[in-house]
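Dumping the structure here so I can ask a few things about it.
By letter and in written order, the chains are A, B and C; residue numbering begins at 1 in each of them.
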Amino acid sequence: MKILAHSYVCPKGTFLNGKLVYDTAEEENPLKSAYQQLGVEYPKFYKMDVLSKMAFIGTEILLPFFPKDADLENDLQLIFANSSASLNTDNLFVESYEQLKTPSPSLFVYTLPNIVTGELCIRHKWYGENCFFVEETFNPLHFSEWSQIALNKGNNSCLCAWVEAKTNGEQECFLFLLTNSEDGGNSIERELSTLIKQYRNE
Amino acid sequence: MDKPIYIQTLSLVTPLGNSVDQHLDAFKNGVSGIKLVEKAGFQDTTIPLAIKSELTSDRYNTLLREALKKAQANLSTSGRTAVIVSSTKGNIDLLPGDTFAGTQPIIHEFFPKTEIFIISNACISGVIAINTAADYLLAGNYDQVIVIGIDAVSEFVSYGFQSLFALSNETCKPFDKSRNGTVLGEGCGIVLVSTQKPDGFAVLYKGGSSSNDANHISGPSRTGEGLVRSIEKTFKRSQVSVRDIDFISAHGTATIFNDEMESIAFGRTNLDRVPLNSMKGYFGHTLGAAGILETIMSIVSMEKSILFPNLGFKETGTSIPLNIIQRLESKELHTLLKTASGFGGGNASLILQKQP
Amino acid sequence: MSDLKENLKAQIIEQLNLEDLTPADIQDDAPLFGDQGLGLDSIDALEFIVLLDSNYGIKIADPSEGKEIFHSVNTLADYISKHQ
């Protein structure tokens, strides 16, 4: 197993393979700015929740690194995780019926964490397998286990993400693309934990 | 499959009862857990729900503890054990705090120090959880996985479904011509997925898969494309063919578009003549628990050689007519297909077989 | 009429949680639904029904009627001025 590419989206900027590509540190609305710098026309972006917006941007910039000869439509598995599920939108939905007195259908449809993977599948016409886990913290060992299992089942590659939007405003989306390889093997776990530390400046 | 994978029921707690026997009685007698509940809807409207009326508060934790207590008593095997939880919302009473935070400590009261995974993938979570458990066993990480499906009724989810105009105003009538929406329910079901043959009745897990419609985040696909792809992948992985299938436990939420989509998908996969039911007429839609509860009652079907009727069905109401089970029927069942579809465009399926 | 349209744009942004947009981003005659324009769908149509009811006291009984009414800011404004 090896990492083909990785990206990181957070309020201060969007990074691709460790390099800053869109600086949004000074922006009032960082995700809108990153989307505009990306230069892609996809009006549905504006309707998305924060999780989907981050994953959308982070995935668009990874596209050139997807395996060219693979049947991505069927054989790409999406494995996503975070710790707070859709908590941010959950609270907005509660606000819609408690304070604004009308439960908002367009908020309710985002009160599930796996809507993120649904949005990406719609955007890129991916019909393959999806799974969303809720975990206390980013766990590189689990991601490595899940991906290895997915690849052993016959999937060609895995798009994985730790995508988090906490109610205190902390937001991050760490995406990485994995595929089978002869070399590398057991180092994925270590690589992932180093990468996320670098992105988080820990 | 390199080694046999067994599935056994450990516990089942729903408005229909707290034991498998109580559920068998209810299903045999066509008893539904659904009733009209006053002031449960937005602005105190009356809506139908399948709720455990003896629970007045702390619904999620009480359901979970009740089911875990029974599972602990019924577990006959040991070994390297993990737990996988399938839930769409966790304990919604904890809002505005983290709704999934309280689940692990409760499980550890009953199964200390076990590794716990939580899957939250909308209405297909239960089927995915069983598939993931089998994957982990095949990879050799564990000897057995306890799979828990749970969701509790809440105003949050009721108001949400009301806002989408997705709720029925009376009862839940999957695949019926007059169906007009789903009914929400609650419950907790626990199964053991194991590489060791457990004591008592257990069936073999043959394979499973998931897929995405790549079409819409909340509306079902018009063509059934995602469900077709999952069913086809599951057949391939299980090395089972269409003519082997004796029974389908479908998703059947009783919304107009979902049931129509499923009928198209079963037609496209040549499964439209196979006896089929949706159990939403008994349980309501229990979201993250649905896949587990329905798998459990499908295992009961195999054990007792009974086809349970699709409660609420009278007249064909899908463009592709299906072979909906209308009467309680004795039939030897060897191989069955379980499917699920849900928000986020997800579909999942798995195949179970009776031990030879 | 132009005041009505400006108000409508602000209300659409609020009702549909499109906080990344400003009224200036929405053209009067651009389609609101489908992949052009704002990319709205049937769920958002439900929000429009709420918006018309709560802000203008207009009730739309048949959601299928909505398709033409919700086409653009222009058609919405037209409908409101005729039915208020």
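Keep this in mind: a contact is a pair of C-beta atoms (placed from the backbone, for glycine too) under 8 Å apart; a residue touches a chain by one contact, two chains touch by 3 or more.
Composition by chain, UniProt nomenclature: A = 3-oxoacyl-ACP synthase; B = Beta-ketoacyl synthase; C = Acyl carrier protein.
All of these numbers come straight from a predicted model, not from anything done at the bench.
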- Message: So, comparing C-alpha centroids, which chain is the farthest one from chain A?
- Response: C
- Note on the structure: Min distance from chain CA centroid to global CA centroid: chain B
- Message: I'd like the Å distance between the centres of chain B and chain C, where a centre is the mean of that chain's Cα atoms.
- Response: 38
- Message: Can you work out the whole-Å distance between the CA centroids of chain A and chain B?
- Response: 27
- Task: Would you kindly tell me how far, in whole Å, the mean C-alpha position of chain C lies from that of chain A?
- Result: 31
- Query: Where in chain B do residues touch two or more other chains at once?
  - Reply: 163-164, 216, 218
- Contacts with two or more other chains, residues of chain A listed in rising order: 102, 104-105, 109
- Item | Sequence positions of chain C contacting 2 or more other chains | 43, 46
- Provide the residue numbers of chain C that touch chain A in the complex, in ascending order. 15-18, 20-21, 35-40, 43-44, 46-47, 50, 54
- Task: State the interface residues of chain B toward chain A in the complex, per the touch definition above.
- Result: 42, 88-90, 92, 95-96, 98-100, 117-122, 128, 132, 135-136, 138-139, 141, 156, 159-160, 162-164, 209-218, 225-226, 229, 233, 237, 343-346
- Item | chain A - residues contacting chain B, complex | 74, 78, 83-85, 87, 90-91, 93-94, 97, 102-105, 108-115, 117-119, 121-122, 124-135, 142, 145, 148-149, 152-154, 167
- chain C-touching residues of chain A, taken from the complex the two chains share: 29, 31-32, 35, 42-47, 92, 102, 104-107, 109
- Query: In the complex of these two chains, what residues of chain B are touching chain C?
  - Reply: 163-165, 216, 218-219
